[in-house]
Every structure is written in structure tokens, then in C-alpha cells.
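One chain, subunit A, appears in both complexes that follow, with subunit B as partner in the first and subunit C in the second.
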Partner chain A sequence: MGGGTNSYREIEETDVILLWGSNARETHPIFFHHLLKGVHNGARLFAVDPRRTSSVKWADTWVGLDVGTDIVVANAMGREIIARGWHDKRFIEHATSGFEDYRDAVEPFTLAEAQRLSGVPAAVIHDMAKAYATAKRAMICWTLGITEHHNGVDNVSSLINLALLTGHVGKYASGLNPLRGQNNVQGGGDMGALPDRFPGFQHVEVEAHRLKFEKAWNAPIPAKRGLNLTAMLEAMDHGELKALLVLGENPLQSEADRKHAEKVLGKLDFLVVQDLVLTPTAEMAHVVFPAAAGWCESEGTVTNSERRVQRVRRALQPPGEARDDGQILHDLAKAMGHDWGPFSAKAVWDELRSLSPVHQGMSYERLEAGGGLQWPCYDEAHPGEMFLHSRLWEVPLNGPRVAFQVVRHSPPVEPLTPEFPIRLTTGRRLDDYNTGVQTEGFASPLRRGETIDLSPEDAGALGLADGEVARVISPRGEIRAPVRLTRSLRPGLAFMTFHFQDSVNTNILTIDATDPRSGTAEFKACSIRVEKLNTAMLA
Partner chain B sequence: MAEPFREPPMWFHAPPRPTRVPMPPAEASRPAVDLVVDGKAVSVPAGATLLDACAKLGLDIPTICQHPNMTPVNVCRVCVVELEGARTLVPSCSRVAESGMKVSTNSDRVRASRRMVLELLASSVDLSTAPDIQRRCAEYGARPERHGSPEPASPEGERDQRVPGHHHLPEPGIARRVAQPVKIDNDLYVRDYSKCVLCYKCVQACGDEAQNTFAISVAGRGFDARISTENAVPLTDSACVYCGNCIGVCPTGALMFKSEHDMRQAGTWDESAQKQTDTICGYCGVGCTLTLHVQDNTIVKVTSPADREITHGNLCIKGRFGYQSVQNKA
Partner chain C sequence: MDIVVRGPEPTDSERLAVDAVLGPPVSAWAGGVRDLGREGRISLLGGSEARSQRHLLLPALHAVQDRFGWLPPGALAHISRRLTIPPAEVHGVASFYQLFQLKPGARSQVHVCEDIACRHRGGLALERELRERHPGSEAVDIHGSPCLGVCEQAPAALVLRHGEKPGGGAIGGATARAVESAIESGSYPDAGLDWLKWAVPQSLHPEADLALLARVGRCDPASLEDYRRSGGYLGLAKALALGSEATIAEVVASGIVGRGGAAFPTGRKWDAVAKAADPERLVVCNADESEPGTFKDRVVMEGDPFALVEGMTIAGLAVGARKGYLYIRGEYPLAVRRMEGAIKAARAAGLLGDAISGSGVSFDIEIRRGAGAYICGEETALFNSIEGQRGEPRSKPPFPVQNGLFGKPTVINNVETLVNIPLVMREGGAAIAAMGTTGSKGRKLFCVSGNVARPGVYEFPFGITLAELIGKAGGVPDGRPVQAVLLGGAAGAFVGPAQLQVPLTFEGTRAIGATLGSGVVMVFDDTVDLGDTLQRIAAFFRDESCGQCVPCRVGTSRQEELVGRIRAGKPLGSLAEESALLDDLAQVMRDASICGLGHTASSALQSAVRLWGPGILNGAKLVDNHG
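Let's look at the complex of A and B:
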């Protein structure tokens, strides 16, 4: 089961926090309130990020690694922890497997080697390893700085290994917490919106699960997993996937390498988009279904980063012909010859409860009553689990051992070259959201439009002034953007968002190198050069 | 490219249920404290305040600067009670209950003190959007008009320039006021310090009790004290990040959504026609509860319940103000 292992309130009472690849101060502001309570209560905060962000300003230690060297730092921590004997030998013996292989795999990652590869001083890695391993309680929280890489799954595994090594999992205020970027990313996965899962993380390739769902749905289900987004884009490119239904996504603008996304979407025989607004993807569609806004024009539930299922409710009547997403799908099914009866969010939820054991106890009545419930919640008397994996501490061990995953360092796909010497990384800002579809309408006093953020050193060397429009070029394309000087970046590192794609199309630059397992692209690392406009014209 | 991923066998099957439901470590039990309030015996856990003891007895104690999620700052003095043996009245919001205390919450002395506090506030501050305080004024028989005719409003920015150390002699028959023009320097919220009772809650919310941005503080001394940004700069030049958590705790409407301010100016603000619906924010994955205040199928204000474990009533700029994309234009 995939989900944040702890509740937000636990971070207020932990002793050491590793905030890794996350600018939560801006991207998850209310979670950061909880984190700051922890800091005020005395927790040590290590912020691992190539940029000195507004989150980093609260840290005891900024671990300013080079983009794409997370595994180097994590493996070096692991090596140091083992070498000093700070690992939890009893926990490793009791609940894990594969420790020897892990120990051998991290052996080459000496502090000196890690410093050479990542740019992080050896003493800082040592200090972070010691603080994390020897703390009574410790948590690792991460966001897209870990996952938006060509080896995002390995990055996550390297952090999980640290928790297994030190026993910082399955306990109150100790654990591993991915902060979800969207309000129902967790819920989408929980509901089976994954190529290999039914609702409740039940695998489609396990016959018992498949038979259960075939019986409930009275329909045959393919015995093999489907395609993730990356594989779907490939299948479109090869002409194997000919029709696409897109719900509330804007892949034309959100996918890395926009030109490629445009090409493959254009190859489809039939594209249907269901969205609140006519996004650029919707403009390409053959049919558009106007949808009601999930969070204020529909009934249902969403699930957050602490696995808490909460009710969303209709506060507004949707405009014009816009309708609830679920209603549209019901009608679509009917048009294709399957009458699912009248649509109701509660009926859909009750069906889910009947098929997903971890949601069984979450009746609508219980969800209505308070602040929601956390899965797993097995029956109506169950309070929901505040933190996961407590079974690992039961004696004798309850259930299977957890395996260390051997992971190797793999630098960003696109190396820096004399032609493209600057590393571009992307992210989000406090007041804007993703491709800007939802946020462009409100008058944020903080909004300053898209910029290419550069270190004063790089800008100086290029003769660029703050506010000056520059050419930004990657191997895939070129855009123009105003320069913004910021001391949060070190020389050689540049930053952009993807909030303002109608004016500055950042994803012209980004690379479509994806992790085949997660389907997530390497938005965090591509190579660029930046040029003065007039120089280019003279050339 | 990475090697083919070999799924561990357990990937296909959910792990077993833990034998026991995971729970936080048990808190040390707090010994009971027994005291007498208004002649009635009451028992509260050690560390509880007199206000907690009053609440347990169902007593209705007026408060202004108190907030359930914040450290008491003891500035409004409207929650004072009489404690037997104490020289002065004590603020019930912060005074910790002790065994054997004898407390009166409604004695003549308490009522006179509360009346004076309310009268001074009502004579100097515009309470037109603070119905709770108005109700208390009526309840305690406050007569603010006896402090004289109201002095004219200060010109724009004048109060922000006043320096400590200057003593203004009171003019007989004139009631001093904090009246001044509304500060409107951005599109999201306005600051009308004519309505500010200096409860400090916005400073706490902006500071280390919630947002930790520290864009505002109290400047000046005595009657010149006021809430200010650094050097009284406009919000757009300050550290403000427009979370609106100050608005969320303001008890008088001094801090107000611009949408509400504009509708009040236009005479279209109608709380009786508004419906409040709780839902979950559509932005990031934290899962903040939003209370949408809707009038005529339009969101006019967004708040969050103070008792929610995730938000404690706080939101960010996107959650509080980022709803324009769903406002029906049709």
C-alpha cells in the first residue's frame, strides 16, 4: 500500500526532519505550519535541495546538493550509519531482508566520494547521518524533487532504505511521507487509477482480486496490467493507442517536451477531454465534456497526503451544461450499453467500500461527522490508522519482511556540456498552481509572471541584468523569458516554473526522459544555455 | 536507463493488519484541580485556565483577544474575574486554575470593569462589523457616548507616523478615536484600522502561532499603538504572503476580504442570504477544509473551521483567495 506513513500532527513531535526535494513552505503551506511547530518544539530540520528556498531558510542545515545526486547523498548516509554502527541492528534482523546486499551496494559511497559527486561537504553528510540515525524519532518528507527524475523510484527507494536501516518507520512520529502535489493524487491511486491496481491497491494480476471484481462488476477484466502515462504516450506515437479520454488533465502543457506531446496527441483518431475550462489540450479534442469543479460543484471524497478521506461538497451550481464527472461517466457507460442506474457519489463510495477492505469502515455517516478518516479503516468500529507499518515492530513479526532495495546512482540523462552548461530545474511558487488553469483568474499581489531565475554570478558573466529578456535554449527548443536574479541559486543552476505557459512555455525546454516504473518525467533536470538577446541578433 | 524493475512478492498483496491499532504514546495524566466558581465546585485537569473551568460550568464569559488555538496575550481585559485573595481582577483566559481558588465571574466589581473596557473600546473604535462586541456592550450597559463627542478621523497615514513619547493632553468633551481611512493596497483584502481593537490576534497569526511570516506587529505606544507593517509600508511592499490567516482571526472586521468590503460598500452584502458549505481545497494534497460562503451562487468569502486538525483555521493564498476560476461567468 502506498501512502504517507504518518499524520501531519506527528511532525510536531518528532526530533529530526529531513525535508528532501520539497519546498513545502510554498507548495504545501499548511503542512509547513505543522512542520514549523516541530521546529519550534526543538526538531532539527535538514533541508536537502539544490536551491536555497524559503523552506530552506527555516532549516538548521541546508544540504545544497547538485541536481540529481540524491542517491549519492542517501547512500553515503547509509554507508556512514553502518560504518559508525548507528544502524538499528535489532530492527534490521527482525523485520527486513537484503541488508547485506544493501551494505555492499553503499560501500563505494564514502563521504569523500559523495562530496565529489554531489557537492555536499562530507562533514554535512556525516552530521545529517548522525542526527537522523541517532534520533529517537525522525521523519523524511519529500515532494517532486525526489520523484521528477528519470530514476524517481530509485530515489524514493534510497530514502526508504534509510528508514529501514535506522528503524524510523512504523512508529509514532517516525516515518516516510511523500507530500502529494494535488488534492486527490493519493485518492486517485487508492481508487485504482493506476495501470496495475484495483481500488484498495489490489493487484490486477492476482487472480483472487480479479475474480472478486469480475463478479462484482459482472464483466471480464484483462488479466495483465495496463499502460502508465509514459507508455500511453509511446503507444500513441506508435499508433497502437488510437482513442483517449482525458479527465481534468492538461497533458499538452503539463508533459515534458511540449513539441513531442503535441505530436503524439495529434496522432490520435479520437480525443475526448473532460474539463472545467477549454484548456489547450481540450482545444485539440474532437469532443469536449464540460465538467463541474470537483471541489465545489460536486459531491464525493478526496484523500490527502496523510491518507485522510474527506468529503467534498457542492456549494455552487455548475455553469451551463457542466456536470459532475461521475455523472458524465455514468452517461458515457449508458451510451455504450451499460446501465449503471442513477448516479450518486454515495452509491459509488459504498460500492468501493464493499470491494476495498482498507476503506470498509468509512461510511458516509462517519465521514460527514468530523474531519474524515485515515485508511486503512477496516470496519465501522475502527478509528483508522494514524501511522502505517506498526506491524513491523510486533514480536513475532506480523507478516512479511521488508526488503532493502539496492539502488545505484544515475546522473541526470542530459549531461552539462560546453554548449549547454547550465542546469535548469523546475518547480512551483506559492500563489500559482501547475499550468495556471485554476490560478490565473485571481489577482495575486505576489504574481510576477514567468522568469528565468539565475544566480547573480551567472547573470553577471552573461552580461544580463535583472528584468532583461533573454533567450533560453535547450537541445529541444528555445524560448524567451525575463531574467530574475536570485541568491537562492548557485552558479550553474537556473530555475523556472511552468505556471505561465501561454506566455512562456517552459516545457519547450524540459526533457521527456521518464522513469519507466513511475511514468514521471525528469522535469527537475535538463541542460540549457542563456543568451543575451542582442548578441543573438548580431550573430 | 534503469534495469527492469523486479517487484518484490509482497508488492502484489496487502500487508496484514497490525494486531493493535497504532496509537500515539499515552499522555501523562494530569491531576485534577478543585476550585469553586460562583459558589459551584468544579474540577479541571492541572494546567487548565479559569476560562476552561468557567466553560465546564457553562458560564458565558466575554472574550475578545482570546482564541482557542493561540497563547493568551491578556490585552483586552474583558474576561476578567474576581479571585478571592487577589488584589486585582485576573484575566480568566490565562490565569491557571489552582486548587482551592474561589472565583466570582459576575460580581459588581467584575461587571464595572468589563463595562469600562467595552465603553472605552466602543467610544474609540468603529464596532459596526463586530456584532459580538456590540452585544456585550448592550449586555453590560456600556454608554460610550458619555466619553464625549467623537473626534474627527485622522488623515490618511497620520496615525502611522506618530512616535512614542508624545503625550497628547485630552480635550474635555472629546472622545479620542482611532478613526482613519481604510487601507486598500491590494486586490485581496483591506485593512480598516478604524475598526481595530488591538487584540493582537492578527500579529499572532502572522507570527509564530501560525503563519510564521512576521509581516505585521504593534507599533507606537499608548493610544497611538497600532498594527503596522515594517515602516508602515503598503502590504505589497511588506513580507505579507496573503494567506489571510489574520483575517481569519480578526474579531471586528478590521481585516476583511476585499470582496466583502466592496459588497458592503455597494450595499449587496447579505449574510442572511449566504450559505456556508464545508469542502476540501482543490489545490495541493494537504487536504485543508474550506468553508465556502456563497451568496447568489458566488463565493464571497472562504474560511476554515478553527477546530480542524489539519488547518486549525488557517489557509494559504490559493485556498483562501484562489477560487475565481469557478465563479460562474455565464
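Let's look at the complex of A and C:
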């Protein structure tokens, strides 16, 4: 099952927090508010990030590694923890497998070697290893700085290894927490919006699961997993995928390589987009279904980062022809010859409860009475779980052992070259969200539009002033963006977001190298050069 | 936390003034130079380390105010960066205090007391005269001030001069000439022993039975030798010999209660802190003596500073604290200098610092200056002030003994309480408990001011009556009758001539609905316009309410308006209705304010109305209680 192992309350009461590849202060402000309570309660915060972000400002220690060297630092921590004897030998013995292979694999990652590869002073890696391993309670939290790499899954594994090594999982206020970007990203996966899973993380290739759903739905279900988004784009490119229904997504602007996305979407025979607003992807569509706003015009549930399912209630009727997303699917099914009866969010939920064991105990009545429930919640007497994987501490061990994953350092796909000497990394800013579809309609005093953020040193060397429009060139293309000087970057590192694609199309620059296992693209690392605009060209 | 401050940059001298207090910046993110070799990938000043400097905000603001006479924006920006405090919060703190100015001022700032003891004794006239003589001057700014704590020499003025060598001092019996001469010469009449002899009339009588005031006006306050020769540090020696538990037992046995006004048993407070689970404990001395009419703590600090150092040290030893904070109100520059001198001398003699007197006990004291805010005398507001927050009281519980300064278990005691401690140790708790009455043990300092022949700080064992005390102070001059006496200060209560036989004990004053408070005994003869006094008290609370609790913020304003209406002869409805409205305001402030300021903001006014009817607000006594 995929989800953060801990609840918000636990981060308020933990002792050490590793915030890794996450500017949660801007990107997960609600979660960060809980994290700050932990900091105010005395937790020591390490922030691992190439940039000195606004989250780093709250950290006791900033670990300013080079982009794409997370595994180097994590493995060096692992090596240091083992070398110093800080690992939890009893837990490793009791609940894990593959420790010896892991130990051998991290052996080359000495502190000195890690410093050479990542730029992080050896003493800082040592401190972080010691603080994490010797804390009574410790948590690792991460977001896209870990996952948006060509080896994002390995990056995650390198962090999980640290928790297994130290036993910081399956216990109160200790665990592993990927932070979710929206109120219901967790819920989407929980409900089976994944190529290989039914609701409740039941695998489609497990026959018993499939038969259960076939019976309930009275329809045959393909026995093989489907395609993830990256694979879908490839299939479109090869002409294998000809029709696409897009729900609440904007792939034209959210894909790393926009030119490529535009090309393959254009190859489709039939494109249907169901969305709240007319996104650029929707503008390409043959049919657009106007959808209701989930948070105020729909009935149903959402599930947040701490696996808490909460009720959503309709406060307004959707305007015009807009309909609830569930209603649209019902109507679509009916038009295709399947009458599912009248649409009711509660009926859909009750069907889910009958099919997904982890949701079984969550009746609407209980959700409403308790302000939500955290899965797993197996029956109506079950209170829900505050943290996951407590089974790892049961004696005898309940269930299978967890395996260490051997992971090796693999630098960003695109090396820095004399032609493209600056590392561009991308991210988000406080007032905007992803491609801006959900946020551009709101005014914010902090929004300054898209910029290419540079260190004062780089800008000085290039003769660029704050606010000056510059050319930003990667091996894939060129855009223009105003320069913003920020001391939070060191020379050789640049930062952009992709919030403002209509004015600055950052994804023209980024690379489409992708982790084949997660389908996530390497948004965090490409190579660029920045040039002053030729003033003659402007004239 | 990195702070990005836009706006005016500090000048070199502004930077220097701040850095002189804070030391050179260690990080580019705290106003230093960007050095990527050192700080490109790590933080030299981490989050909790940076945040833990917040308590240096008040000292930094003082340094700038002392240097420039105001707080220039560039200097505030530099402080913001240095301490990583958002500029809005720096501004919030800077603008909280009366003595910090956000606009440039003249070379000398003269604060003339216009409060209840001074206003009838020439204070208002002096302020007027000085304003006339120095209109829009570049050299002198004149401010009307709440009580300066020099009531024994009314009218009082305080001169503060900024510059590379800032200075300041108080002037008693002030005239325009005396103020001007102090400004010109840079020397103040508070420097010599005469100043203290004035303050303690009993010091002139060798036969007077003085223990707490025995040294004031008689010994050189700068001399540790003098202090030791006169029995100083015997208390600490005894406490060191007894150890923590037995020391607290002596304090418990003495029956001493807090002298700041709340009268909480000191021994119980110490015991609670000594038993706290957290090993890091603190001692705080509340020397933010701001209750109008109170000046005893000032006199003790100016005249016998080592006694306070010794008292705090014994407290630290008893409760297991290694650090003490002495928070002195900003209007007491001489007390600050004397206490600084005493702490320095005690350190040099091994009586503060590590391993005191060769024992295993370590204790040191840090002075913090207030900056003009009555509310900071409230214990939790004082904590916030030290911590670099606005001096707004906290909700209680948790109480300071559990969660005090910096969240640590904290003993907070008033100056007078702490100077009793060496005495308790020297003479034994039982000897102190044998003195006084059943409900009030030991000796008490009284701040006698107003219309008496010899105003000053008086020391007596508990039990003396109000009439006796007035007699000891020489009675009302010119044979005039007593019109009223204010007990306990602006937050206290009036008593009439019929109540002069009240014993000045906690229980005695309580029995007649008054309070001993901080020991204020302010006498008004029949020439004083009591309505004016009441109007001033109402104005005082409106001005000093921190504004945090709406009932107090609004209530003190409505109360001042009410008094003003009656004084203007334009009551809303009948006087009885106004009186009922005053009671309503008082009740809502008592019920719904979190601290003592709101609880007591009406008590003096209500006591006057109770005694003489609402017409007293206009100086007219409906019921004559004479006789």
C-alpha cells in the first residue's frame, strides 16, 4: 500500500526530521505548519536541498547537495551509521532482509567520497547520520526533489533503506512520509487510479482480486496492468492509443517535454477532456465535459497525506451544464449502453467499502462523526491506523520481511558541459500550483510571474541585472524569461517553475528522461546556458 | 530563518551600534558578508540557533536608542537581519515601549512626571514651563511621563541623553533651572549619598530599627567591602552551608510572602521550582517598579545593590537555577548602573559565576532594561519582554513555576522580597516569622508620598497603623487635614480619614476593602482636587493597557471617558447611572481580562465612589466621611 506512514500529529512530536527534496514551506504549507509545531517543540530539522529554500530557513542544518546526488548522501549516511554501530541490529534481524548486500553496496560511499560527489561537507553528513540514527523518534519526509529524477524510485529506496537500517518505521512519530501535492492525490491512488491496481491497492494481476471485481461489476476486466501516463504518451506516438479521456489533467503543459506532448496528443483520433476549466489540453479536445468544482459542488470524499478520508459536501449547484465528475461518468456509461442507475456518491462509496478491505469500516456516518478516518480501517469497530507498518515490530513478525534495496548512484542524464554549464532545477512557488490551472485565476501579492532565478554571482558574470529578460537555452530549445537574483542559489544552479506556461514555457527546456518504473520525468535536472538578449534584436 | 529585508540600509554607525551588542555577524543571512566557500551548502546559523537569539532584541533596540536617540529604519532592518526576526515584529516590539522613539528626537529627552504624586506638587507646572522655554528645540524634547518612581522628591524629572556616551539621571524637587543645568553639565543630583538620605528619612536616625534599609544612605553602594563589613554575604554563606532543601525550609518558615503586591508565599514558590522536573530553571527579579507611587525597589537598588545580588544568588542556589535575570525598568538609569557595578564586583570576588565561594554552586545574573511599559511589571509580560516579544501578559496557567521565562520553571520575585532573603538566612526563618502579625510576617517597606512632611521609604515590622505611619513621616504639613490616602498605588484603593487606624498588614487592609499592594501610601490633603487625581488614574490605565484583551483595551477607554464626562459636568443620565456603568465596566474587565491590569483598572475609582459617591469624580463629595 502506498501512503505516508505517519499522521500529522506525529511530526509535531518527533525528535529529528529529515526534509529531503522538499520545499514544503511553499509547496505543502498545511503540512509544514504541523512540521513547524514539531520544530517549536524541539525537533531538529535537516533540510536536504540544493537550494537554500524558504523551508531551509527553518532548518537547523542545511544540506546543500548537488542536484541528483541524493543517493550518494543517503548511502554515505547508511555507511556511516553501520560503521559507527548506530544501526538497529535487532530490528534488521527481526524484520528485514538483504542487509548484507546493502552493507556491501554502501561500502564505497565514504564520507570523503560523498563530499567529492555531492559537495556536502563530510562533517555535515556525519552529523545528519548521527542525529537520525541515534534519535528516539525520527522521520524522513520527501517530495518531488526525490521523485522527479530518472532514478526517482532508487532515490526513494535509498531513504527507505535508512529507515530500515535504524528501525525508524512502524513506530509512533517515526516513519517515511512522501508529501502529497493536492488534497486528494492520495485518494486518487487509493481509489485505483493507477495502471495496476484496483481500489484499496489490490493488484489487477492477482486473479482473486480481479475475479472479485469482475463479479461485482458484472464485466470482464483485462488481466494485465494498463499503461502509466508516460507509456500512454509513447503509445499515442506509435499510434497504438487512439482515443483518450482526460479527467482533471493538463498533460500538454505538465509533461516535461511540451513539444513532444503536443505532437502526440495531436495524433489522437479522439480526445475527450473532463475539467473544471478550459485548459490548453481541453482546447485541443474533440469533446469537453465541463466538470463541477470538487470541493464545493460535489458530494464524496477526499483522502489526504495522512491517509485520512474526509467527507466533502456540496455547498453550491454546479453552474450551467457542469456536472459532478461521478455524474459525468455515469452519464457516459449510460450513453455507452450501461445503465448504472441514478448517481449517488454514497452508493459509490458503499460499493467501494464492499470491495476494498482497508476502507470497509468507513461508513459515511463514522466519517462524519469523527472528522474522518485513517485507512486501514477494516470494520466498523476499527478506529483506523495512526501510523502504518506496526506489524514490523510484532513478535513473531507478522507478515513478510521488508527487503533492503541496493541502489547505486546515477548522476543526472544530462551532464553539464561548457556549452550548457548551468544546472536548471524546477519546482513550485507558494502562490501557484503546477501548470497554474487551479491558481492563475486568483490574485496574490506574492506572485511575480515566471523568472529564471540565478545566483548574484552568475548573473554578475553574465552581465544580467535583476528583472532583465534573458535567453535561457537548453539542448532542446530556447525561451526568454526575466532574471531574478536570489542569494538562495549558488553559482552554477538555476531555478524555474512551470506555473506560467503561457508567458514562459519552462517545459521546452526540461528533459524527457523518465524513470521507467514510476513514469516520472527528470524535471529536477537539465543543463542550460543563460545569455543576455542581444539588444539589437530587440530594437 | 533567513530574513530578506528590503528598504533602508543601515549606516556604518548604526551597524556598529547594533554589532557592539550582538557581536560580529556570523552569517551572510544575518547581515554578514556572503562567503560561498563557507556558506554555499550549509547554514552557519541554523534555525533554532538563530531563533534562540530573539531575547537580544530588547538590548539591541536599547543600544540603538542610546546611540541615536531614536530607532532609525536602517538600524531596525539590521537588527531584523541579525536576529532573523521579521521586520514587522521588530517594529511591533519597538513601538510597544514608551522610551523607544521611531522618529528622530533632540539630543536630550526630558521626561517630566505628571502622575498622581507629582502633578499636585508642581509637576504639571514644571512641564508647562519647560515646554514654553524649549519650544521645538533641537537640544531638548519634553515629554509628560507616567510615574518616574521618585515620588519622595516630587516633582520629578528624568533626563536621558543619547550619543556615543549616553547618560541619564533623575532630578528630584525638579525646577526648570535644575533640569537645564543637568542637561548642560551632564551630571545629575542622584549621584551622591544625599540623594539616598532624602529617600530614606529614617537613615538620619541612628536609633531607627532598620534591617532592609540599614545600609541605604549609610554605606557606599559601590563597595563590596562595606557590604561585607555590615553583615553582607552572611546569608549566602549560611545558605551554602545548609544546601537547597534547608534553605527553602528557612524561607518557608519565615512566612515571607511576595512584596510586589500579590502576596504569594515565597517559600512555596521556590519549593515548586526546586521540585520541577526540568533541570534548567531560572530566577527572575522583577524590578520593573512602575506602580504609581512606588519607589522602594529603586531606592534599595540604588542604595544597597549587593543585597539584591545576594538575595538572587540564594534563590538560585535554593531552586537549582544557574542563571538569573534582573529586569529593571527603563526609567531607572542609576539603579541599572549601581546593579551593574555590584554584579561586576560580585563576579570579580567569586560571588557570582562558576563555583561560587569555592562551592559547587554556579549562578550568574544578567540585567535587562525595560523601556517604559507599566504592563511589563506583570510577571508573564516581563517574561515576554525579556524574550524579545511585545510585553503582553500570557494566560495563566501555566504558572511561572512550571512554564516561565523561556518556558523554563522560573522563580520570579520582587526586589523587596529578594532583599528579605539574606535577612531570613542570617536571622533564621523563625525570627522573621516572630515579627509582625499573624497574617503578615516580617518587615515591610512603605512608600510614603504626597502631603507629608518627610516623604520617603519607611521600614517597619508589620503592624504599624496608617495613622502612625503618617505620623512617622511628619504628618500633613501646615496642620491641614487628611482628605484621602491612596493605598497600593493606582491599582490600589482610596481610604478616607475615618479609616486611618487601619493596620498596614495584608489582612488589615483587606478587612476594609483596600489593599497593601506594593506598599504605596500616598497622602492627599484637603487642597488636592481628587477628581483630577481620579481622571489621571483613568488616563494612566487607558495608556498602559497593552490592548491584548478587548475588555481592558476598550474598558479603560470607556472608563476614562466616563470620568471626563462627569468632570465636564455632562454625565450620561444621572450620576447614579454613571456609577452603575463604572461598576459594569469594572466587572467586565475583572471577568474577561487575563491579567491584573484589567482586574484592577477600576479599583481606585470604585473605592473613591464607594467612599464619597460618584460626585467625587468631579471633586465633590456627596457623602462626607470626615470624622
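Here is the rule we go by: the second predicted complex is superposed on the first by the 533 of 539 C-alpha atoms of A that agree within 3 Å, B and C clash if a C-alpha of one lies under 4 Å from a C-alpha of the other, contacts with A are read in each partner's own complex, and residues count from 1 in each chain.
Please note the rule applied: contacts are C-beta pairs under 8 Å (C-beta built on N, C-alpha and C of every residue); 3 or more make two chains touch, one makes a residue touch a chain.
Given the structure is predicted, the values throughout are model-derived calculations rather than measurements.
Once the complexes are laid over each other on subunit A, subunit B and subunit C cannot both fit and instead clash. With both complexes superposed, B is the one of subunit B and subunit C in contact with more subunit A residues. By the touch criterion defined above, A:110 lies against neither subunit B nor subunit C after alignment on the C-alpha atoms of chain A. By the touch criterion stated above, A:491 is placed in contact with subunit C alone, subunit B being left untouched. By the touch criterion defined above, A:65 reaches subunit C but does not reach subunit B.
By the touch criterion stated above, A:344 is placed in contact with neither subunit B nor subunit C. Shared-chain residue A:327: touches no atom of subunit B or subunit C. With both structures placed on the common chain, the touch criterion links A:45 to subunit C but leaves subunit B unconnected. By the document's definition of touching, neither partner reaches A:134: not subunit B, not subunit C.
After overlaying the two complexes on the shared chain, residue contacts for A:313 are found with subunit B alone; subunit C is out of touch.
Put simply, of the subunit C stretches 38-46, 56-64, 74-82 or 92-100, the part that bumps into subunit B is 92-100. Shared contact residues on subunit A (touching subunit B in one structure, subunit C in the other): 58. Across the complex, subunit A meets subunit B through its residues 1, 8-10, 27-31, 33, 36, 40, 58, 150-151, 153-154, 172, 179-186, 200-203, 205-206, 276-277, 293-297, 302-306, 308, 310-320, 357-358, 371-372, 376, 378, 382-383, 385-391, 394, 398-400, 402-403, 410, 430-431, 433, 437-446, 515-517.
Within the complex, the subunit C residues that touch subunit A are 1-2, 28-29, 34, 36, 40-43, 46-49.
Looking at the complex, you find that subunit A touches subunit C at residues 39, 42, 44-45, 52, 54, 56-65, 119-121, 124, 456-457, 487-488, 490-491. On subunit B, the positions that touch subunit A within their shared complex are 1-2, 5, 8-25, 186-188, 208, 210-212, 235-236, 240-243, 275, 277-290, 292, 294, 297-299, 308-312, 314-319, 321-330.
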